[in-house]
Amino acid sequence: MAQQFHGVIPPAVTPLTADQELDLPSFTRSINRMIDAGVNGIFTLGSSGEVAFSTDARREEIIRAAIDIVDGRVPVFVGCIDTETNRVIEHARQARELGASAIVATAPFYALGGMAEVERHFRLIHEAVPDLPLFAYDIPVCVHTKLPGDMLVRLGLDGVLAGVKDSSNDDVSFRFLVDDNNKAGHPLTLLTGQEVVVDGAYMAGADGSVPGLANVEATAYVRMWNAYRKGDWGSVRTEQDKMAALMRITSVVQGVQGFGAGVGAFKTALALLGVFDTNQMPNPVAPLAGENVERIAAVLKDCGLPLARTPLEVSESTAVKG
Amino acid sequence: MAQQFHGVIPPAVTPLTADQELDLPSFTRSINRMIDAGVNGIFTLGSSGEVAFSTDARREEIIRAAIDIVDGRVPVFVGCIDTETNRVIEHARQARELGASAIVATAPFYALGGMAEVERHFRLIHEAVPDLPLFAYDIPVCVHTKLPGDMLVRLGLDGVLAGVKDSSNDDVSFRFLVDDNNKAGHPLTLLTGQEVVVDGAYMAGADGSVPGLANVEATAYVRMWNAYRKGDWGSVRTEQDKMAALMRITSVVQGVQGFGAGVGAFKTALALLGVFDTNQMPNPVAPLAGENVERIAAVLKDCGLPLARTPLEVSESTAVKG
Amino acid sequence: MAQQFHGVIPPAVTPLTADQELDLPSFTRSINRMIDAGVNGIFTLGSSGEVAFSTDARREEIIRAAIDIVDGRVPVFVGCIDTETNRVIEHARQARELGASAIVATAPFYALGGMAEVERHFRLIHEAVPDLPLFAYDIPVCVHTKLPGDMLVRLGLDGVLAGVKDSSNDDVSFRFLVDDNNKAGHPLTLLTGQEVVVDGAYMAGADGSVPGLANVEATAYVRMWNAYRKGDWGSVRTEQDKMAALMRITSVVQGVQGFGAGVGAFKTALALLGVFDTNQMPNPVAPLAGENVERIAAVLKDCGLPLARTPLEVSESTAVKG
Amino acid sequence: MAQQFHGVIPPAVTPLTADQELDLPSFTRSINRMIDAGVNGIFTLGSSGEVAFSTDARREEIIRAAIDIVDGRVPVFVGCIDTETNRVIEHARQARELGASAIVATAPFYALGGMAEVERHFRLIHEAVPDLPLFAYDIPVCVHTKLPGDMLVRLGLDGVLAGVKDSSNDDVSFRFLVDDNNKAGHPLTLLTGQEVVVDGAYMAGADGSVPGLANVEATAYVRMWNAYRKGDWGSVRTEQDKMAALMRITSVVQGVQGFGAGVGAFKTALALLGVFDTNQMPNPVAPLAGENVERIAAVLKDCGLPLARTPLEVSESTAVKG
């Protein structure tokens, strides 16, 4: 695998202070912890990095911080997520200026269109920042478009796309994409955005993974990647089973859905583990509290992760001081 | 009807030059033409005003131009459309500063959430610009959330929302919303975003309409509104039938979908009528050309609208000069 | 309007005894009550006539009963609803044998297919029962296919379809369908399945309506139809507003969704009004009880409909005797 | 694995003669071929067994034939697929009478309802045929309901369900279901309906698979199952890769979607291999012909499967003799 990018590239969750500022010390601890665990890259401003919630000023702050903390140890991927082409290009130019190793963009969203426009969108972004590797982010649950495999491979062969982050939850398409990519000479680096079926994506031949859960526990995903490269499928499966058990932190949450439950659980776990100072969430999402924090703490204990703080301390961590 | 806002408030389509700059002379002609026809307001940066395609700088340029052109003759609504709360608040503050009469915001999109977050979203926007009337824009086809009537009326009674622009294409819900709003003392101004079933929305008791097609032909919508206010339903129906026939400009388009077909047809019609200089579209959308322009010209002729330019002239209008 | 079929054609709700047998006396009362009110037809085994819940034996029992009760006073439409063509054809042949005036069929469902197969489906049904008027039932919420207007008009011109029952809740498409049908010489009889926006469908030019709510109160729908034919739009609107208020019986129901809430409310209202003996529902749906029945009773009272039985009597009506 | 059922249980594709009668000799060849390959069961009247297209008489004919051909060598699962409970129960009783080893039922479809009704649906079916093992068929693409894992495990613990055939294409949910089932003492036999990511389902701990593609090539799926049981993941992956390549017979089809492409390709492959006499399809689906047959033949050759007939012979196989 002589790819420029590969392996475990976690989408970094963005810590906030109680008053919703970027929490730089927590961000530093969290990114260092993942790099120390052996990850192969850091993806900042992904969906779980709260890109959609961040103003342009906040986005710049996050990119600067991430690149500064990583300090060249691994590549930094930057999410350039916005509704349509020209807005994405602005983010892409900024990411290049700030030193991104690669950028990640979705299909257009909000306005309705067809697949010809999706393809033109990626071509126009690439034209604007031709020197910067561009990854397509296939995430239909957010953008309501599934990127077709033949278009992706064509954009790879044309030098427009460097790779794909597949968060489509469509493992059948992913397997066919891997196969088509191999037949075309492997122009694309194919990363799965899965967390609990990464083993299946490796069976299919993925070049790496982008699991949000690696914010909470990166070492298992690194071990899984290493086992995969050695063909040690038994270990791949064992590590995946552990991570599936840990992913329950997101499904024990009650009364909250989507981002608030998923990223809310990641932040809460990180606060319980002492990595984040708070589990604060961006507007309009409320931080998890009370029994939800207790449930997450119970899952962490079941999985053998030692808590640095009590559930009550975490629930109170988002109280803004007067 | 002692509402602050009411009647026909077209979402202004944004003209571009061949090289995709804002075309100020065309914008001036088009807005003046609608105001001369008797519309009761102008909504700029709506979905058909290409808000999702415009960078922040372009958005500012459009708002400034619209407010300058309108020059106080009618209220100016400004679309503050973005993924999540803090980004919307930035647009809202800018709209206030630039002199908007009212702002229009959708439910959050891209990130997944629940209805509690949607409600908190509108409350936070209102807190940030409490003096500016806030309209909820119910457009599930773009944001994949249908705003529930009971939430809307509650936000109206709490002074958070001044009104609703309903583009949900769910006329049953709209009728129940009108009824609930009346029972609650009419806290909300209810505008339909329909174009070919505005008569039905008036039957239901709408306070006004926001038809994109009024960019092409505003006088019929103004006549329909006046007939409605006088209870002259026969005329309402006659005008609606004419506008349904004219709306065929969007359905005769072949090989293009969504915004490219709908707003593309509006721009093409305006170019054929001599109001816009070009029918240029924003990236990544291609302008309509060739037979599609001819088909639109044929519909305009059938509807008795005199063409100022030939289809060929319009198809060639987007060619960038060397 | 020289159509063979037109006007108000309610989908007859099917009364059950407490032990889920067909309740013939209640069925007789209900159908006679609608015919006495002046309806122009009876549609049996529609979605709200519980066609999907009824075994073939039960379907035959219902068709026989309906045709026997109606006794030639108005046409009887029979729903031939099943997954694919050959199953529908069996129902169609039986309906013909039993004396149906017309049959109603949806697009295929369950198996996935394309529009070519939908069109062939209707052609094959017509070939099997060429002498029986065939209505297409456009109900995407149940079958997940929206019937395109151009296909419907083509099938009308080819003599395959006699008409369409439009339950698509897409009033824009319906208006274009009416217009296309008129331009083609009116081959299709176009009926709206709406209940609270029938006025809009009449504005669009519908040939009639199929409102489930007419089981509860047919006279208002008949008055609305007559007013429409005379061009008395003020009365159309008044009657529609009354029926929108009455339709609240379906939205006050809590904790139950879909058929159980909608048809459950119709049956409960009919039981409260003394038309049905019970509000029993077919397996696996539970009958409405307790506070839901009280809420429906309150709506009926608000609308001025006199209750023949108490909510408690209705809640107890479904108790199976030992 | 002391389960009553496990391993490879192909959903038998139903061969038709040119004039759309059940083709018993082909059915016999095909089922015998799969049993000879070592499959652990036969599932008849599944989605790909054209249950939705078959009249009740045809269903009986198919069940009788399948049970007769299998002759006790392996268990026979029978699909009892219909819109609502009472119709399913009729099929279930017939299946029991004819000697089914187990039955398979989906959530209700066509009518809209909630999850309480889905659960009651399965409980009522089990009550009607308590002695017959009941499998829930989770196929949201057809029935538009995803069966929740906690409900499935609860129905397993209550003795209502014997297992689940998971065709939800949601591998994350499947992994959690396997885990929940194990924690509950393995009340459910969990079968994946996948074809190209069966390896991932085995990694997750599936009890078996129900791949339609096994009609074309059962031996590879049997080898994959045996390798899985021995923990030989390398062989699992190799066999899966081969089957992913073969599954391309369904994606090379052009101009046809869904069942017509998928089952159409299976039938065409079986006709090219000499197992089926024709590739005839049930109404309203047209059989694949011309270039589509040639494309499928090319895939078969690429995968090393020897053709018994030419594409032209297969295209002509559906011509009805005068």
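Read from first to last, the chains carry the letters A, B, C and D; within each, the first residue is number 1.
In this section, contacts are C-beta pairs under 8 Å (C-beta built on N, C-alpha and C of every residue); 3 or more make two chains touch, one makes a residue touch a chain.
Model, not experiment: these values are computed from the prediction.
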Shared interface numbering between subunit B and subunit A [over half = same, under half = different]: same
Superposition of subunit A upon subunit D: rotation angle, C-alpha, nearest 5 degrees: 180
For subunit C paired with subunit D, centre-to-centre distance based on mean C-alpha positions, whole Å: 36
Inter-chain centre distance, subunit B versus subunit D - centres from mean C-alpha coordinates, in Å: 49
Residue numbers of subunit A (touch at least two other chains): none
Those chain pairs that satisfy the touch definition: A-B, A-D, B-C, C-D
Residues on subunit B engaged by subunit A in the complex (per definition of touch): 47, 50, 52-56, 58, 81-87, 90, 108-114, 116-118, 120-121, 124, 141-144, 256-260, 282-286
Contacting residues of subunit C [partner subunit B, same complex]: 169-172, 175-176, 179, 194-197, 199-201, 203-204, 231, 233-234, 236-237, 240-241, 244-245, 248, 251
